[in-house]
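Sending over a structure as structure tokens; questions will come in a sec.
Naming follows writing order (A, B, C and D), and every chain is counted from residue 1.
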Amino acid sequence: MNSTAPSIEALNGVLADTPFLNPYAFSVKACAPGECTVHVPFMDSLERPGGRVSGMILMGAADVAMWLAIMTLRGTAERWVTSDMKTAFLRGAREEDILCTARVLKPGKRSMYGTAECHGGTSGLVSHHVLTYAKVEA
Amino acid sequence: MNSTAPSIEALNGVLADTPFLNPYAFSVKACAPGECTVHVPFMDSLERPGGRVSGMILMGAADVAMWLAIMTLRGTAERWVTSDMKTAFLRGAREEDILCTARVLKPGKRSMYGTAECHGGTSGLVSHHVLTYAKVEA
Amino acid sequence: MNSTAPSIEALNGVLADTPFLNPYAFSVKACAPGECTVHVPFMDSLERPGGRVSGMILMGAADVAMWLAIMTLRGTAERWVTSDMKTAFLRGAREEDILCTARVLKPGKRSMYGTAECHGGTSGLVSHHVLTYAKVEA
Amino acid sequence: MNSTAPSIEALNGVLADTPFLNPYAFSVKACAPGECTVHVPFMDSLERPGGRVSGMILMGAADVAMWLAIMTLRGTAERWVTSDMKTAFLRGAREEDILCTARVLKPGKRSMYGTAECHGGTSGLVSHHVLTYAKVEA
């Protein structure tokens, strides 16, 4: 665990250095120890029929927000991977930006457990996620 | 519920008619009432660092395989959407094709519950999924 | 949906009128619209080897707290049953009372989705639960 | 891991030596490496209003069946505890015995992942469970 939590700029740098995430244009809006909020812009190219925001985008946003929330506690050098993820799709989001906030509820040295919520600008809570991450030992 | 279950060709036609799935090159390998097996080719462009198959691809494959498994019971005209999905990532898949088989365990007129398993050609069972789908009323 | 939310006394009356819950001595400590906190006393007779609080007690408390949280929104006359429940056991609770707080995150007329947290007096967060309830039509 | 898998008699001995399970009268009907089937007798004293089998009994049966299924792989000396459990209640069981079969899908030295299904004598599949167990190090 490093002594200083990464800044929003540092977490956005992590996103920029992760090529497969670039198509989604995620950006970090806020962070605090054990928490991170990611902005998900609505993009025509990723929409589903009827202008619906894809469930895959919501799951991807929750996964990334938790990954960055762990970095607020453990720094950016360790490697953590998702081991379990449960998503409830509560409402359809339509042609709107999403803010996804992840929170670590139980931090551990080898395992992290937390939740994430995706809120649409007009729809409110659209999905709720529960995630477990595991540390990959070198 | 229509009287004849869709053929593999019909289900592959559904995939071809779903533009946002085209980048993944999913194809139906087998189907039976309440079951569907989808082939997921390994693609360099979707891989993660180290040649790892993306967890998002596995979740996408499970979601699609269950969607098609429901069609084997209900035909292709109804609209069903994922309401809940839990994924356990059990092993990392690396530079290998995946076969994902979904099975409906509890069919209903408004709700379907089932599981999906992703097997890597060399890694064996790489992820296990539990899904609930809900019918969207017209 | 009735016009006035049940009081703590009314919810404790529901518990008293539910014979199979009597062995656990649950009581309502607090409630608000969409929320309910249940007290779970430590009982020697229900403990596991080593003085550990049983996981079944924690799941039972979460289930009851959510059931009562739904009543704060819908009154006590409707019949709601658990359709899905996920529990993460985060720490072992030992010879301590538990407070379990449930919150409805997505209220609906036919379905309710929410979370519950069990906190031990000395251990902090010991379990986290995600629940879906369905209304039973008469 | 011991060299010989426990017999049905040995697993029933484990149940008999676990006092808090005695009220449920669970018994082992079958086992194989990584699998165990537990019989759950219908008991008036545990029923819910209307003769419904309690969801807690189903979760308890699934938890015990997986615990014993792990013993078929690892022997009876190690200590394993439930770390995560998801249950879908698919149909109400009514005044009927239940057979609960657990299967380990991903065995590990520190973690076990598997599923359990509860089948009622007349109702068929009444609940489906996904469980993760963790080994407690001495």
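Basically, a residue touches a chain if its C-beta (ideal position, glycine included) is under 8 Å from a C-beta of that chain, and two chains touch if they have at least 3 such contacts.
Quick caveat: nothing in here was measured; it's all calculated off a predicted structure.
Set against the C-alpha centre of subunit A, every other chain centre is closer than that of D.
Taking shared numbers over all numbers used, the subunit B to subunit D interface scores over half, which places it in the same class.
Centre-to-centre separation of subunit B and subunit D, using mean CA positions: 29 Å.
Subunit A and subunit D, compared by their mean Cα positions, are separated by 35 Å. Subunit C and subunit D have Cα centroids lying 23 Å from one another.
In subunit D, the residues that touch at least two other chains are 84, 86, 88, 132. In the complex of the two chains, the subunit B residues touching subunit C come out as 84, 86, 132. Looking at the complex, you find that subunit A touches subunit C at residues 86, 88, 90-91, 105-106, 113, 115, 117, 125, 128, 130, 132. By the touch criterion stated above, subunit D contacts subunit C in their complex at residues 20, 46-48, 54-56, 59-60, 63, 81-89, 92.
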